[in-house]
Structure formats: C-alpha cells, structure tokens
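For reference, the structures are reproduced in the following blocks.
Same chain, two partners: chain A is paired with chain B first, then with chain C.
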Partner chain A sequence: MTLTLSGISKSFDDFTAVHPLDLTIPEGSFFALLGASGCGKTTTLRMIAGLEEPSAGRILLGDDDITRLPPHKRPVNTVFQNYALFPHLDIAENVAFGLRRRGIKNVRAQVAEMLDLVQLGDLARRRPRQLSGGQQQRVALARALINRPRVLLLDEPLGALDLKLRRQMQLELKRIQTEVGITFVHVTHDQEEAMTMADSVAVMYQGRVEQLGPPADLYENPRSTFVANFLGTSNLVEAKVLAGQDTAGTASAGLRVEVPGADGALRVPPDRCSAGDTEPGAMVLVGIRPEKIALVSAEEAATVPDGHNRLTGRIKDAGYLGVSWQYQVETPAGAELTVYAQNLERDSRLTAGAPVVLHWRPAHTFALDAAQDAAAGEETL
Partner chain B sequence: MTAAAPPSGLSGPAGAGRQPGSTDGGAPDGAEGAPRRRGLTPYWLLAPAGLWLAVFFVAPLFYQASTSVQSGSLEEGFRVTWQFSHYTDALATYGEHFLRSFGYAATATVLCLLIGYPLAYMIAFRAGRWRNVVLVMVIAPFFTSFLIRTLAWKTILSDGGPVVRALHSLHVLDVTSALGLTGDDRLLATPLAVVCGLTYNFLPFMVLPLYSSLERIDTSLQEAARDLYATPATAFRKVTFPLSLPGVVAGTLLTFIPASGDYINAQLLGSPNEQMVGNAIQKQFLNVLDYPTAAAMSFLLMALILIIVSVYMRKAGTEELV
Partner chain C sequence: MPAADHPAGPPPSRHPGSPPAASAGPPEKPATGSPKKPKEPQKPEKPPAARSRRSPLRWVRENAVVLAGCAALVYLLLPNLVILLFSFNKPAGRFNYSWQAFSADAWTDPCGVADMCGSLRRSLRIAILATLLTTVFGTLAAFALARYRFRGRSTANALIFLPMAMPEVVMAASLGTLFLNMRVQFGFVTILIAHVMFCLSFVVVAVKARVMSMDPRLEEAARDLYAGPFQTFLRVTLPLAAPGIAAGALLSFALSFDDFIITQFNAGPSTVTFPMFVWGAAQRGVPVQVNVIGSAMFVLAVALVVCGQFVTNRRRKS
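After this line comes the complex of A and B, so read on.
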C-alpha cells in the first residue's frame, strides 16, 4: 500500500514549515527524510501521523484519503524522538497499549512475541525508567510494531543514543524492517544513518525536498549545493562554460568549463550537469568529492592520464588521519580544495608548500547552478 | 539508569529521596577527609527549619497535650490530673460538629477538584502565552486577607442581593431548599453558603499542585496515546489523569485538611446550625475559657484528620506514581 503525499504543506502563523510537497513512498520500503533541524522533516512526519493538520494537500494510503482522519483512526504508528513511553505502565502494558485500545483482550502472546523480536523478553515487568536508553528505544519500537501498522514512522529514533549503540541499532532496525516488511519512514539529521539504512532518501532543506533518490545517487550526483555539502563533503569551484568545440557531435558530449587560472578545460558528463544556464560564458559550480581526486607532485605531472580533469596547486596543509591523509590544496583559482588520499605508499614530496597536480576522471565531476549559496548545508561549528 | 549519581558524601536525610532502582554510584573518588566536612552540611541546612518547628510546633503541641488532660477552672488554676474524660465528653457533645466539619470539607474538596482540574488543565496545556497571567489570577486573591474575602462573600450572598434575586427568579433556590441546602429563600446562614465559601477560599490550594503535576507531563505522551488508537477521552483517562494523580492527592490534602479546621467561613456565612468544629474549639478557648476541653477537641480533630488522610492515601495508592 503506497503512501502518497500530494501537494502537502504546513504553515504556522507567518512561518511556512513545509512548502507544497509531493512524495510517493512505495510499500515495504525504508524511506528516510533527511535534513538539518528546522527543515520541515518532523512536521512532514507528524502530518502523516495525524498529529499535525496540513494547511493544504492530501495524504493517501493506497487509495484511501487519510488527510482528515484523527491519529487514532490511522493505520500508522510512530516511534517518538524521546520514545514517549508511559512511565506509569510497565513494559508489557506499554507494548499492549495499542492492542487494548482496539479492544483486543488477550494480548499476552502477542506482547511476548513482540518483546522477543526486540530482545527484551525478560524485562516485561520493568518500568520504563528502569531501562537504559537503548532498551527504551526497543520498547518504543515494539509498542508501535505490535499494531502491524501500514506505515511505521520513526522520528529521530536513534538521536538520544551514543555512537556505538546507534551503529548497532541501525543494523537492528534494518533487520527488523526486512523481517516485518512494513514501510518505514525515518526522519533523521544524520546523513550516515540515512545512507546506511534507507532504500530511498529525500533530502529536505527549508521546507522543500531538495533531491530524492537512492543514497548512492544522492552522493555521487548531487543536484544542489545543499545536497553536495550536507551529504559528505564536496569541493565546489566556480567555472566558466566554454564553447563545446572538441566534443561537439560525439556521444559523450558534455560540458567544457574553465576554472580561472587553470591550465586547460574541465569536462563534465551531460547527465551530471544540473546547472540551469550552460550557454558559453555562463558561470557554473563544478563539484568533485575529495576522495575522487588523485594528488601527484608537480614533478610527476607527466604521469597524469590523458583525458583526466586536472588542476595545479600548492599544498597548504597535510593532515594525517590514520586511515587516510587529508590535504588542503590552494589552486590559482583561489578556491581551496580538500583531497582525501588513502594511506598507502605516500610520496614524501607531498608536504605543505609543495606544488602539486590534482586530477580525476571526468565521470566523477558534477556541475551545479552557480546562482545558489555554495556553502549551503556545510557544517557550521 | 541515566540519572546521575548524587554528589558523594551527601548521606543522611538529603540522600533519602533517590529513585528506587538507581544504583549507587559508589563514589570511588570519595576520599576520606573532604566528605567529613560536607557530611554535616545537610544538618546545617535543616537547622533553621528544625529550630522553628521545635519552638513553634513541637513545644506548643506538648503544652496543649498536657492541657488536654488537666482539670480545674480559670479561678483555681488548672492541674494535670490525667483526666481523659475531656476527650469522650467532647466527642459526645460536639460529635455533630465533627461530622459537619468533615462533611463540609469533603464537599468543598470535591467541588474544588471539579472546578480546579479543568482550570489547571487549561493553564498547563492550553493557555499558551496567557499561562502566567492566569496563574497570577489564581493566586491574586492572596493579596487580600482571608477574612476580607470571606466578608465580601457575605455581601455577595446577602439577602435581597443580586445573587439571591437571580437564583430566586430562576427557581434555583427552590431546588436547593428541597435538597435541604438552603431555606427561607436566602443563601446566607445556609450550608450552601458555608461550602461555597470554603470552596472559594481553598481553590488555589487545589489548583496549584494540580497545575504543577499536569505541567510536568510530557505532551508527547498524550500524542503517543493518540497515535496508539486512543480517543482524546481515552488518552486522558489512561495517560493524563493517572500521571496527574500526585497532584490530585496533594491538592485534595491541601484543601481538605485546612477546610476541616476552618471556622471563619461557618462564622461569617453560616448560622449556629452550620457551626463547624473549629467554631466550637474557638468558643471553648476564647469564650468559655475551658482550656482542657478545647485542647482535647483540637487533638481529636488532628487524630481524625490523620486517620482519614491515611485511609485516603492508602486508597489512592500513590507509592509507584511518578
């Protein structure tokens, strides 16, 4: 049963939390709404749950319009951010709450089965406050799943757990989702969490969906600076579009751009260009992920394979991270590029101040519209 | 447990209120020497209140206890003769007053709860930015003296006043007369007036504890209940109300106990037929000057309140509440 949000929006007084939004979430999928706090992802989730009434638009579950149904009539359950376990009831009664409300008398077997699923069978008679954060999280999950909802909504379910437990629960959640086959809609601000668990991710920014797709697509081919920066890190450099002489007419026709002060043009594949204006002379932002760049000493410039995009520069800083080296490279373009290099055999000439050549395959390059904030979505400390 | 262990060295009375089930931190850093000085701190903090209680509560209590078993008269002086008959005599003579006191106090407490719960609920969950304004309005009557406020009620309920006339023309007074709450087409000098006065005067003592326990309830619990197929009414019955029980218990005690001993309302709004035990005690102390009987009645009142309260507390089962 597909969950469809159609033109749904939410405004509070003079603030629009969610701009008209269309989403289709297929049955059985693990769907993540990813974004920084205040981007409208939780409001969207609460509208699906019925805890917030949309200002406009419709919510469909299969063919049923549930837009105006009160929360207790929706076949949808929520795992709340701080779990919201009932402190006056024990674990078994917390889990049985939904069944009892629907008039099911004999709940014992189902509760036991559900507590086994989340591996809490022996804690049935404890109170929530006697449990650790991770255990409470499982109770919240069991309390929602026991009702066999059509859609399970998870609001930052792992946000309150420490890093190690979060990793463990990510795998656990994924296992349970596969096991029960229920559609999960997961709200999170943690891009890694969204990428490891979800089949599809919708990245939200300022009340709008910036980009939607499988995690790998979002990472490899971001369509906006926010997505490029929020999912991992990106190097974004301003460049001018050149007339496409030498590739014109061939199947691999893409964009040729020139970074000011660089030697030669950079090439961008046609399907990786999301800039609006690509006429010769227009400005675009050329992007490349730091781990896709290879770094060689200027003396080895001749070893750069033909056809690679290349930039020259000077190492400003070389940081040792154990598993990798992180270089900051100044280029004549003025932009500073970050390069991650695996910690294999390292050329000892690659130290601060050394002139270097950066090169990468054109297929890893992407181009974004220059008329947006190049720093959107970057982590600010 | 996420609860942080209390600072080491806080033992004795200050450390007693910890959650059950929380494991003691063990305080490995609690070296000898430093905790020694800190160990006395709780007692120093207790000292002013303890001293106050000793001088103004414990000592008078013993003094009154001894008075209650004395005999004699004002002219000859009173001596301790262990005469316990004051207690039985008082109960025989003023049994009706005791019953009336508890009846009025219980009625006023129930009315306070019925009026106060919706009010406290509204302040806690629906008042928004008006919350503080409404809270100030709840305690605003305290800026005037208890006596003045009750006298004001005397004016409001006076014979031929607007309230009596309105209720008369609406035939409400006929109904209350039939129930034995009023008579002679008047409100003053009736049980209804006394109960109304008690309800009005003690309402803040009900509202404030109710408010503070409701306000602490995480609203996401109500949302969780709604999400788990509870109608708004069921969510209230199964989640909000049980979690507010500590406030209900505190509010009813803070209303019932002082209302049982009150005599101002009965004196100003009632007639001799509505006299409560407080009035009787006051009369014995100040008019009859029979100190032993007055002291015995005070102790009886205290004992009966203690019994009622402990039965109530057991029924309310407050032990596992958050």
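After this line comes the complex of A and C, so read on.
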C-alpha cells in the first residue's frame, strides 16, 4: 500500500521543524530519509507513526486518510532509536506485546517464528537488559515486524551499534525487508547506510526535502550544494557562463562555463545543470566528484584526450590512503580541488609542488546555482 | 635492647615522635606523656612486633569503611536487640528495666495485657487505610506533577514538601485546632485524615522520582504497538512505576503505624493507638508484651526486606 504524505508540516511554537512536504513512498520499497540531526527527519517519521500531530497536511495509506488516527489504531509500527524495549517483560513477551494488545491469545508459534527470523530463538526468556546492543536491536525489529504492519518505521535503528555490527545489520535489515516485503521507512544521518540499503532516498535539510531519488542518482547528479557535500565529497568551483552553447557531441545544447585559469571553457551537459540562471555572464557552481578526476603531470599535458574538461594546478599535498591516493591540488580557480586516484600505477612525478593537469569527462560535471552556500552539508558529522 | 632504649631514653621534651614511636602509633602516646618507669618493660616487644607484622594502622585504614559500617550497624541495632532480649524477661515489679529470669510467657500470651491488642488492631487498621488512600492519591498527584505543566505546579510542589519540613507538633496542633473549630468529632476519622495528610508527601516524593526517571519512549512504543491509553498505563506505565509506588506505600505504612505526636493531638478519648498505649503504659510500667510486639514487628520487617532482596537477586541471575 502506497504511503502518501501531502503537504505535511509541523511547527513547534515559533520553530518550524518540517516545512510542507510531499512524499510518495511506493509499496514494498526501502525508503530512506537522510539528513543531519535537526533536519526534521525524525519528526516526519513520528508524524507517520502518529506520535506527533501534523500542523497541516494529510497522510494517506493507500486510500485511507490516517492523519487523525491515534498511534494504536495505525497499521504502522516503529523500531525506536535505542529500541525502547520494555524492561519489565522478557524477550518473548516484548515481541508478543502487539499481538496481545490486539486480543490474539495464542501467540507462542508466531513469537517463536519471529525470534527465529532475527536469530534469537534461544533468548526468549531473557530480559532486555541482559542482551547486547545488537541483540536488543533485533528484538525491537521482531517486536515491530510480528504485527505485519503495512509500513515499518525505523528511527536510526543502527545508530547505537559499533561499525562492524552496523555493517552486518545493514545487510540483515535488507535481507529481512526483501523476505517480508513490507515497506520500510528508514531515518538515518549516515549517508553510507542510506545508500547501501535504500531503493530511494530523500535528503532532508532544514525541514525540507532537498532531493529525492535512487542513491546512485543522488550521488552522480546532485541538485544542491547540500546534497553534493553531504553525500560523499564534491569539488565546487565558481564559474561564469559563457556565450554560445556547447553543441559538440550531444543533440541538445549544453552549457559552456569559464573558470579563471582554465585552459579553455568547461562543458556541462544540459541535464546536469540545476542552476536557475544560465544566461551568459551569470555565475554558477561547477562540481566534480574527486574520484572522477584524472591527474597527469604537466609534462604530459598532451596526453589529455580531446574534449575533456581540464584545469591546470599544482599539487599541494599527496596523502597515501592505502586503497588510493588523495591529492590536494591548488588551481588558479581559487578553490583547492581534491582528487582520489586508485593506487595502481603511480607516476612518481606526482608529489607535492609538482605542476599537474586535471582532466575529466564533461559527462561527469554538474552545475549548481551559485546563490547557495557552497559549504552546506560539509563536515556535519 | 639498644633499639628499645632509644625512644624511651630521651626526655619527653625533646622528640615525642622518633621513628619507632611513630610506627607504633596510638599505643605509644600515653608512654611519652605518662611516667616512664612502669612502661619500660613493655617497650622491647612492641616496636619489633609492629615492624614484623603489617602495621595495624594500615589495616585500619584499608578497612575503615567496613569498620565504620559495622559500628553504625551496631549503634542502630543494639536497642532492638535489647528490646528483643527483654521480651524474654520475667520482671519482678511493674517495670521491665532489669534482667530477672528467662521466660517465654509474654510470647505465648501477647494479648495478655488489657487494651493493648485493641490499640494494636486500631493502629494497624489506620495504617492500612492511610496507606491505601495515600498510595492512590499520592501516585495520581506524582504523575500530574511529573508529567504535566499547569498553573500552580511549583506551588503544589512546595506545598507537598511542607509537611515533611514542618515540625510535627506545629502541624498536629494546627490540625487539631482546625478540627475543633469545625466541630468535628475527634476519633478514628480525624486520625485517619491527619495520617493521610502527612504521609501523602512521602508517597508523592517517592513516586515522582521514579516517574521522572522513566523513559517516555517506552509509553510511545506501547502506543505504537496497539495499546490504547488505558492499556498503555496498565501494561507499561504502572509496572515501571511500581518500585516507586511500593516504596511510597511502605514508607507511609511505617510512618502512620508509629506516629505518636500527630495522633495524640487528633485522637478522641477512646481512640488509643498502639504508640499512644505504649506511651501511657510507660508511665505506669511497661508490660513485657510491648517488647514482644516491638520485636515481632522488627523481625517481620527485616524478614520482608531480606525476602525482597533474595527475590530480586534471583531474578537478576536467571
């Protein structure tokens, strides 16, 4: 059943936690709400659960309006942050809680089956306090899933686990979601978590959805500086739009921009430009992901393929990361660019101070509106 | 012998704390102050003994907490043990203050004294009723004060504290005056009202502390799992608050049962509670049965606490 939020918003006194928001979450999908703390993602989740009443808007489950329904009447269950297991009940009774409240007397078989699904069958008589964080997490999941909700809400369910366990639980959650086929709405501040698990991700920032789409789409073609910086890293450089459109290679017209110090114009494909003003002379932010850039020594500038976007610069710092090299390159464009290079065959001339040429395919370039904060979403963790 | 001569030899005016003296600690002190002659023969043994064994001072320092705890326990329990001992006494006169002979008479006939068991029953009835009423009202008030913001909340908080802070005599006298002016018949009901009034504060404080430390998300989780407001309260809120409520109830039972001052001011001529009976009896000579009741209550209370500890320990282990 499709979950639809239409124009939903929430204000507390003078603070607006969630601005009017429209979201459609298709049945059976794994949907992630991603954002830094305080962006309104948890409030949105609580409104779906019924624990918070929206200030405006409607929530539809299929065709039913559930906006005014109290939480215990919604076919929706939540896995809470820090799990909120009942300390006075044992594991089996925690899991059976929802069934019992709906008047189901014989719960034993279902509870056993559900505990097996989360691999905790032998701990049924323990108390929550006696379990490890990962085990408590599974109990919380079982307690919610046993009710076969139409939608399962997960509020930072892996936040309290250590890194290794978190990786393991990510796969586990994905497996369970595929197995039970229930719609999952997952709130997280961890972009990696959202990218590995979700079918589609909504990136939230200051109470608004910045961008919505499949994870690869968000990463490859960010539409705002926040998304560009929050999901991975981006190099953003201010550039001036040039007159005359770029027609080389593509049927539709792209954008030609000029960065100070560049050898010629940079080209941006038309479908990768989300800047509002693209008249000649306007300023835009040109972006490129660090791993998309190739780095060659200035002596070999001639080897750069024709048609690539290119910039010259000087290596400021070269860091060895094992799996790759990370270069900081100073360019006349003013900004310092980050470049990741696979640790394959390294040119020994690429050391600090060496003049270099950076080049990349125009198809990997994107352009953003220059009116926004270029550093939004950076280093938020 | 030379080692022993050294500390004893110099006159007291020079150095009272030469090395061996310092290591021997407190026992050394009188030696330096008092005449030397009689102490002299003891000296040779002491310093070598203190050096060969671990210094007793150090042992005291390491076990200071245990020692202090034991001392406090003895201080607290000794009166109870004396009461228990004298409940087996066979007093010669009316007063049960000196040990005469062993006898279990009082234990086999605890109600042998006129009016005593009647006053005990009355006290128990008042204590149970007061506990029931205060636990219900106190719990409701504690939830209101802990969970909701309303006008007059801080005033209510302050008023709840007042009966605990105010001298009992003041409270008792003013309550008595109030009943007198309202022409209320003194008796069982006035005692009950007075007890509910002062026990309420303790229940509110105990339950409120518990409620404030409860995770509100647990109730949200219950609501999310199809429990309506009443079910949520019954299945989650109440069990979680239970330890606080139980503590408050026990406290109010104990306070009500042994209250004397407030009861004295608000009792009628024919409503004598157990503490009042004991007070009255103390003027004329305390019967051994009073010791029996006191010891029985003490043993019962200790047994309850030990049982409770045992049960929680077992639950924690399983």
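Just so we're on the same page, the second predicted complex is superposed on the first by the 373 of 381 C-alpha atoms of A that agree within 3 Å, B and C clash if a C-alpha of one lies under 4 Å from a C-alpha of the other, contacts with A are read in each partner's own complex, and residues count from 1 in each chain.
In this text, a residue touches a chain if its C-beta (ideal position, glycine included) is under 8 Å from a C-beta of that chain, and two chains touch if they have at least 3 such contacts.
Quick caveat, the model's predicted, so the values are computed rather than measured.
Trainee: Do chain B and chain C fit side by side on chain A in the superposed arrangement, or is it a clash?
Mentor: clash
Trainee: Quick one: is A:P305 in contact with chain B, with chain C, with both, or with neither? Answer first, second, both or neither.
Mentor: neither
Trainee: If we overlay the two complexes on their shared chain A, which of chain B and chain C does A:G133 touch? Say first, second, both or neither.
Mentor: Touch partner of A:G133: chain B, not chain C.
Trainee: Scan A:G181 for contacts with chain B and chain C and give back first, second, both or neither.
Mentor: A:G181 sits against neither chain B nor chain C.
Trainee: Is A:G98 contacted by the first partner chain B, the second partner chain C, both or neither?
Mentor: In the superposition, A:G98 contacts both chain B and chain C.
Trainee: Could you tell me if A:F86 is touching chain B, chain C, both of them or neither one (first, second, both, neither)?
Mentor: After superposition on chain A, A:F86 lies in contact with both partners, chain B and chain C.
Trainee: Please work out whether A:P70 is in contact with chain B alone, chain C alone, both, or neither, and reply first, second, both or neither.
Mentor: A:P70 contacts both chain B and chain C.
Trainee: Applying the stated clash rule to the superposed structures, which of 9-17, 27-35, 171-179 or 261-269 from chain B runs into chain C?
Mentor: Only 261-269 shows clashing C-alpha atoms.
Trainee: Across the two complexes, find the residues of chain A that touch chain B and also touch chain C.
Mentor: Correct list for chain A: 49-51, 70-73, 76-78, 80-82, 84-88, 97-98, 101-102, 143-144, 147.
Trainee: Which of the residues in chain A come into contact with chain C in the complex?
Mentor: Interface residues on chain A, with respect to chain C: 49-51, 70-73, 76-78, 80-82, 84-88, 97-98, 101-102, 125, 143-144, 147.
Trainee: Where on chain C is chain A touching in the complex?
Mentor: Touching chain A: residues 215, 217-218, 220-228, 231-232, 235-236, 239-240, 318 of chain C.
Trainee: Considering the complex alone, what residue numbers of chain A touch chain B?
Mentor: Against chain B, the touching part of chain A is residues 49-51, 70-73, 76-78, 80-82, 84-88, 97-98, 101-102, 127, 129-130, 132-133, 143-144, 147.
Trainee: Which residues of chain B touch chain A in their complex?
Mentor: 1-2, 19, 21, 218, 220-221, 223-231, 234, 238-239, 242-243, 320-322
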